[in-house]
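Both complexes shown next keep chain A, but they swap its partner, so chain B is in the first and chain C is in the second.
What follows is the complex of A and B.
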């Protein structure tokens, strides 16, 4: 308890506990809220706050990457929410069956116990690739990414490529027709109407 | 290497110095944003052979005060079916992220408060409030987060124009963000660092060492993406009056609307500073002109350029923006990065 209080009143400790508290609360709202707007907003702010942990640990580059990547990713998620839901109303959720909730809840509880118990073995955890003094964050990340983690990195790249190609194929059935040109020729509306009629 | 020794000689940055800097940025940029509206109206008016504001004060100068009084005293309305909490948070996000982004760029020269002033005497006030060594990414990321302001505002206000404004925010963000990142990547490769100070150092060799000569393509791409990032004409789709009333800001009034406004002007200044530091030699001395005057000139030039473009160019449609960003600018940016890489390797 004294340790906790002592760490709370240092700058890093205070920032850590503040960020953790806010992150947990925000993600709790993400899961529990019936309102799309609240859920999405708390998800976005939680993701932004996680970058705070990277900044506390001195990993500026990772922090900023976390910020940029998730700001963009959650923004894309918003656009789906915008298409499917009325953002100002609450959504009636279907209650899934109890067994699934039980298993998932149990697994989450187990994860929490493991996470809180992990510091017991903190002595046996060593940093395999510690930061180099005088080398920037970005360089360190690059060195590790292109040596030790090259294969996962390449696999991730291939997976993203596959996802991109699949996305283009799914969405691009009418890629050869330009909406702009169709509007310029003033034929766009007719064609869209015709397609609707056919359906 | 004179400049590096200069930097080592600078006094230590204290928390008090950073706090003073933060207050200075807040106060001065807010005031400049107010004055910017006057300048914008005057410049636009002269370009379109009008007079602009003339009635309040000499040359209409007190128009700023009149606008301020109007903003502060206007009734604050929250629409009936709106999500009140998000509706109120949204403008704060825009204003706050705009000023957080300003913390990462050099604004005004550094100075030491004279000793005769009580309490704060002798405090060193730095040029950059928070000198993170990934400055350029931090600023871009923070400005990207600022787009949540219009997005949430549009979605929370239970208004069809607002929803369209929010949807346009999302597509605009997803379009220009790639171009911004890729266009900045080429100069980042040349410098080999993400720190804005390193960018400044790399261009300290005078006029010919400016990156605009080595990276003209990246400069133009960054400028176009910057216009989209700050919602300036020709890319001000979010609040395009003729199409969507006022887009995301339709239901806003009073100071909440004012916060969007200040955020937009602060973003304009941030983008101007970023363009000046990355491509136009930053705050290096230029002949006999001191560096801090030079960067003021450069920022003023970019600010003027934004007004000039607004007076000269029509809006584009959302689909035209997406077409431009994804099919034209992004391939050019990728080719630019590849060519830069080949030139550096050979």
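What follows is the complex of A and C.
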């Protein structure tokens, strides 16, 4: 307890406890809320706070990438996609036996943590690409990324290109037709099918 | 002082929140949100290990996780839009066509 209080009054400790408290609450809202807009807003603000973790940890470049890619690009993509769905409607989900899901989720997460933590002897880990003193994080990251991780970097670039083309092709189909009109047509088809079934 | 285990505990907490979401959600869009939570939790663990072992490899992995998450979202949302146009809903129970 004293240890906790002492760490709370350092800058790093205070920031850590504040960020972790807020991210846990925000992501809990994301997972539990029945409203898409609430879930998306809390997810976006949780991601901003996670970039705060990265800045505390000295991974400046990673924090900036988190802000640009996640908060800027991914959440913007989600909000564009939400224009296609009815976002104001409350989501009705049939949840059968929530307690079982809680117990299963907690247990499997614990099992995963144990599985990955058990074989690691922390003394035997040594830095493969150590950080350099007096060199900025972005420069350090750049040197390692463009020498040791060049091929994965290029593959990731090609993968992003493929994802972009796939997104355009999938979402761009029948973009000139109105969704609500199509839904009316679908409803009409459903009624015809029902009549057939009754016959 | 804040150590590695503090970060790993927060990361495990966030990961289990995401896992509970994946198990509990029936709406596909909300399922995507839960997977994003899990990916972010893993990124925290990578960055923390990278910091405390003074090694850049963790940050590299976090970058690739972010790149994969971005492309996953692009393709996944395209598929969701096509599904919504076809079925008019994103509920997993409605989309189950192979009921036995």
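Some points to look at:
Basically, the second predicted complex is superposed on the first by the 120 of 199 C-alpha atoms of A that agree within 3 Å, B and C clash if a C-alpha of one lies under 4 Å from a C-alpha of the other, contacts with A are read in each partner's own complex, and residues count from 1 in each chain.
In this section, contacts are C-beta pairs under 8 Å (C-beta built on N, C-alpha and C of every residue); 3 or more make two chains touch, one makes a residue touch a chain.
Computed from a predicted structure; not experimentally measured.
Contact comparison for chain A: of chain B and chain C, C touches the greater number of residues. Judged by the touch definition given at the top, the superposed model places A:65 against both chain B and chain C. Once the two complexes are overlaid on the shared chain, A:106 sits against chain C while remaining clear of chain B. When the two structures are aligned on the shared chain, A:79 is found in touch with chain B, with no touch to chain C.
In the superposed pair of complexes, A:28 makes contact with chain C only, with no contact to chain B.
Of the two partner chains placed by superposition, only chain B is touched by A:38; chain C is not.
By the touch criterion defined above, A:173 reaches chain C but does not reach chain B.
Where the contact sets of chain A with chain B and with chain C meet, they give residues 61, 65, 78, 82, 179. Taken in their complex, chain A has these residues touching chain C: 7, 10, 12-13, 16, 20, 23-24, 27-28, 30-32, 36, 39-40, 43, 46-47, 50, 53-54, 57-59, 61-62, 65-66, 69-70, 73-74, 77-78, 81-82, 84-85, 91, 93-95, 98, 101-102, 104-106, 108-110, 112-113, 125, 127-131, 140-141, 144-145, 148-149, 152, 156, 159-160, 162-164, 166-171, 173-174, 179, 182-183, 186.
Note for the complex: chain C touches chain A at residues 1-2, 6-7, 10, 12-21, 23-27, 29-30, 32-34, 36-37, 40, 43-44, 47-48, 50-51, 53-57, 59-60, 62-64, 66-75, 77-82, 84-85, 88, 90-91, 93. Touching chain B in their complex are the following residues of chain A: 35, 37-38, 41, 44, 48, 60-61, 64-65, 67-68, 71-72, 75-76, 78-79, 82, 87-88, 136-138, 178-180. Chain B makes touch with chain A in their complex at residues 81-83, 85-86, 89, 132-134, 137-138, 140-142, 144-145, 147-148, 151-152, 155-156, 158, 163, 166-167, 170-171, 173-174, 177, 181, 193-194, 317, 319-320, 323.
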